[in-house]
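In the two complexes that follow, chain A is the common piece, with chain B as its partner first and chain C second.
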Partner chain A sequence: MLIKVRGLEHSYMEGTPFENQVLYGVDLDIEEGEMVGLIGPTQSGKSTLIQYLNGLFIPKIGEVVVDGIDVREQRSRLRKLRQKVGLVFQYPEHQLFEETVGKDVAFGPKNLGLPEDEVRRRVDSALEAVGLDPEVFRDRYIFALSGGQKRRVAIAGVLALNPRVMIFDDPTAGLDPRGREEILATIKKLHSEQDLTVIFVSNSLEDIARLVDRLIVLAQGKVIMSGTPREVFSQVKKMREIGMGILQTVDVMSRLRDRGWDVATTALTVEEACDEILACFRKKASGEGRE
Partner chain B sequence: MELSKDITLGQYVPRDSVIHRLDPRTKIVLWMVLITVLFFIHTYTGYLVFALFILWVTHLAEIPVLYALRGLKPAIPFIIVLFIIQLLFSGSLFADSPNVVFQWGFVRITTDAIRTYSLIMIRVVLLFLSVTILTLATSLVGLTDGMENLLSIGRRIGIPANELAMVMVIALRFVPTLVDELEKIMKAQMARGALIDEGNFIQRTKQKIPILIPLLMSTFRRAEDLIVAMEARCYRGGKGRTKRRQLRLTALDYRAIGITAGFLVFLMAFIRLVPPPW
Partner chain C sequence: MIRVEKVSFAYNADSDSPVQALREVDLEIERGQFVVIVGHNGSGKSTLAKHFNALLIPTEGNVFVENMNTRDEKHIWDIRQKVGMVFQNPDNQLVATVVEDDIAFGPENVGVPPEEIQRRVDEAMRIMGISHVRDKAPHMLSGGQKQRVAIAGILAMQSNYIIMDEPTSLLDPVGREEVMESIRKLRREGISVILITHFMHEAIEADMVVVMDEGRIVMKGTPREVFGRAEEIRALSLDVPLVTQMAMRLNDMGVDIPRNVLSVEELIEHLC
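Up next is the complex of A and B:
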């Protein structure tokens, strides 16, 4: 088990009139090499939870174990932990601060105290991994990049630490459709080519349904469901109850089913839904033909 | 890591207390008077009486005292260091004081110095607490309206009341926002292995750059957003603008003014009766 969370609780503004508990006993397991999606309505505690996974928060109630080491006992080695678990925040491009792409990506590896040539090697491979040609982009000024490019530079900045786990907090927020596609493709590639364990937090069910092996649903500070996207999205009623809504395709298919169409409701993509409906037509046609 | 927990400046605790219900103008004026008076107190007992009054107001405002004092927490190291430096290097100011506690070279600590600087520290704490209570118990809208109304007296001599009030309120309003932003940026850089507050002075200063630059940029981004939002709502200052919520002094305000006046008279008498050093 790579990451194990047990009974984790968290309150913001503890001891003030604004105290606000957001996590109420979260249990979570993540295996090496998994591609996990973390979804939940706003205020469900997703962003808080992921900050526990790389030691930005230290558990007061509950435990977090990463790679066999309890985060509470790892206090002096938090940097090691952060290197192991890379966290890409929402709007990560806002954290860029250097003039050029190469310098900014080098910030992480330099913090690790690596020698110059190793830093350079890591910068190049991180840029390549996010689909930016190092030769072209290394010396570009950051302000001259597009929004999607900036975001990929920021992701490269975390990748350059050579983490085993990458956590993305809503990585497609605020991007145009093309930017979204590029980021999603990048994440998919990182998972398959670099053997990274990926935790993907998203508000877009459509994005997540296509990408992950397993979905974890967080609501009101607890994990309420975990399973393959198909399993989770088949719980139409439960998903509606927690205010998550469901995939548009699942929505359409379940309405068709209500009207007596013999279709499976768990189509995760438009293509799948299309095939399902066509199959239904074919069945109907051949049935009528026989009569 | 959670920075916002210790920042009380610019926060507002919504309650329905008598203090909350006071006209903001009453609060601002009384608060200014109290703060002025604070600078005329030179005895421990005087400060004690003042502190009791402020604590009573805090209690009336239904604000936990510990929360109000919380904002002081980040400043405690500065206050202590300042206190020590003053004690160590102000020997010459108290050269004629006979009550020497400790002397070593030019370091000369006298009871008079200890007294003077202790009083200053107490004053700083009380000043902070008073300001905090005002902002914790007054909504931003109230604060703006009150300030604008009070400043409008000077409109004839060209004081842009609305604009000044707006500037002050925006500044206050953005304290919590920028604290959140700062926290996010610090965390993002820590996630990239950044060190914070480690090593010698030069290293520490260098460690601030990856945090300050993004913070500066986001401040400008927010400022620009705010400008656009104000323009979109046709903001053009206070000229010709009327208010839906008219400020009106009520019996509660007169009572507050009376009580504060009574307290000040008592305080003055008390200071006379209990002369220094206590």
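Up next is the complex of A and C:
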């Protein structure tokens, strides 16, 4: 087990009249190499939870163990933990501060005190991994990049620390459809080619349906569901109740089903939904043909 | 009416390296219209929107808000009162510690009498459906509620036009729907909404969709006209709404269905 969370609770402004509890006993297991989606309505505790996973918060109630490091017991190893778990915040490009792409990506590994040639090697391989040719981009000015490119540079900056787990907090927010595709493709590639465990936090059900193996649904500070996207998205009623809504393709299929069509309701993509509709048309047509 | 006449704009226009962001844009937005502006990042959408309330002044050309030229400094406060703005991140635009005070902030600043402020605040909260959280701290609200508070603040200023710059991009699906429902309410109140978004399905109820590329308006029309031209839309690194994608794919597969279907309801009607 790479990540284990047990009975985790969290309150903001504890001990004040404004005390606000956001996590109410979270249990969670993530295996090495998984690509996990974390979804939940705003204020479900997603952002708080992921900050525990790389030691930005230390549990007061509950237990967080990452790759054998118990966050509460072994504070001296926090630095190590933060290297293992790379956290890419919302709008990570706002944190770019160097002049050029190469310098910005080099910042992390330099701070680790790595030798010059190792820093350079890491910068190049991180840029390559996010789909930016180092020869072309190393000396580019940050301000001359597109939104999607800047975001990939920010991801490369985290990647250059050689983490084993990457957590992405709403990585497609504010990007146009092409930028969104680029980032999703990058994440997919990192997972498959770099042997990274990926935790993907998103508000876009459509993105997450296509990307992850397993979904964890957080609501009101608790894990309320976990399963494959197909399992989770078929829970139409529950998803509506917690305020996450449902996939549009699932919406279409459920309505067709309500009208008496014999279709599966859990189509995750446009392609799947259309194939299912067409198959149903054909069945109807051949049925009529026989009569 | 907001009238944009041959507007060009460059950032750092006086420097050695100006960045041309708008090129000869013409646009008219009527009172009460719901207009959606789409385009890839850097296409000029936000730059254009900032011209509607004189946050930016054209390098060339003119913008008129109800016949007031945004160049004319004596109109600037009138223009900003008439044209309000809601931004992407609700946390960056709420200023008070209590919802009600936040909504009252605008009218207080322009010296509206207290009884009148209270009346406007009550009315704005009623329209936005947030009266029940009037005593709450804004940071305790959900994303969708926060955006509704921000919109109520503009309503309390009695603005006729509300510009929303990607107001849903940080919200969960239900929060997004809350914002869309707010837009429907604003239309019923006769208020124009100018929405900038990357989510194409948010454009399907618009009176007009404006597509921008490289600082120019490259397409303009009803959602059905614009999204019917899927090839051109895709060439601009955009996409058509998911339901339209389904209709097109089904049509390609030989199903008798129009290619420019926009809503789920419509799709179901065509299929059944």
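Throughout what follows, the second predicted complex is superposed on the first by the 291 of 291 C-alpha atoms of A that agree within 3 Å, B and C clash if a C-alpha of one lies under 4 Å from a C-alpha of the other, contacts with A are read in each partner's own complex, and residues count from 1 in each chain.
Following the convention adopted for this analysis, a contact is a pair of C-beta atoms (placed from the backbone, for glycine too) under 8 Å apart; a residue touches a chain by one contact, two chains touch by 3 or more.
As the structure is a computational prediction, the values presented were derived from the model and not from experiment.
Enquirer: Putting chain B and chain C on the same copy of chain A, do they fit or clash?
Expert: Taken together on chain A, chain C would clash with chain B, as the superposition shows.
Enquirer: Scan A:G108 for contacts with chain B and chain C and give back first, second, both or neither.
Expert: first
Enquirer: Chain A residues in contact: does chain B have more, or chain C?
Expert: After superposing on chain A, more of chain A is contacted by C.
Enquirer: Is A:P17 touching the first partner chain B, the second partner chain C, both, or neither of them?
Expert: Touch partner of A:P17: chain B, not chain C.
Enquirer: Which partner does A:A173 contact after superposing on A: first (chain B), second (chain C), both, neither?
Expert: The answer is second: A:A173 touches chain C but not chain B.
Enquirer: Please indicate which partner A:G37 is in contact with in the superposed arrangement: first for chain B, second for chain C, both, or neither.
Expert: In the superposition, A:G37 touches no partner, neither chain B nor chain C.
Enquirer: Counting only touches as set out at the top, which of chain B and chain C does A:L87 meet: first, second, both, neither?
Expert: In the superposition, A:L87 touches chain B alone.
Enquirer: Under the contact definition given at the top, report the residues of chain A touching chain B in one complex and chain C in the other.
Expert: Shared contact residues on chain A: 18.
Enquirer: Would you pull the chain A residues touching chain B in the complex into a rising list?
Expert: My answer: residues 12-18, 51, 54, 56-57, 79, 82-83, 86-89, 92, 94-97, 107-108, 111-112, 157-158, 161.
Enquirer: For a test of understanding, state which residues of chain C touch chain A in their complex under the given definition.
Expert: By the definition above, chain C touches chain A via 39-42, 88, 137, 140, 142-144, 166, 169-175, 177, 198, 200-201, 237-239, 242-243, 245-246, 249-250, 253, 255, 264, 267-268, 271-272.
Enquirer: Help me check something: in the complex, which residues belonging to chain B touch chain A?
Expert: Touch residues, chain B against chain A: 1-2, 4-5, 11, 13, 63-64, 66-67, 70, 184-185, 187-195, 209-210, 213-214, 217-218.
Enquirer: Could you list, by residue number, the parts of chain A that touch chain C in their complex?
Expert: Spelled out, the residues of chain A in touch with chain C are 18, 20, 40-43, 90, 146-148, 170, 173-180, 203, 205-206, 243-245, 248-249, 251-252, 255-256, 259, 261, 270-271, 273-274, 277-278, 281.
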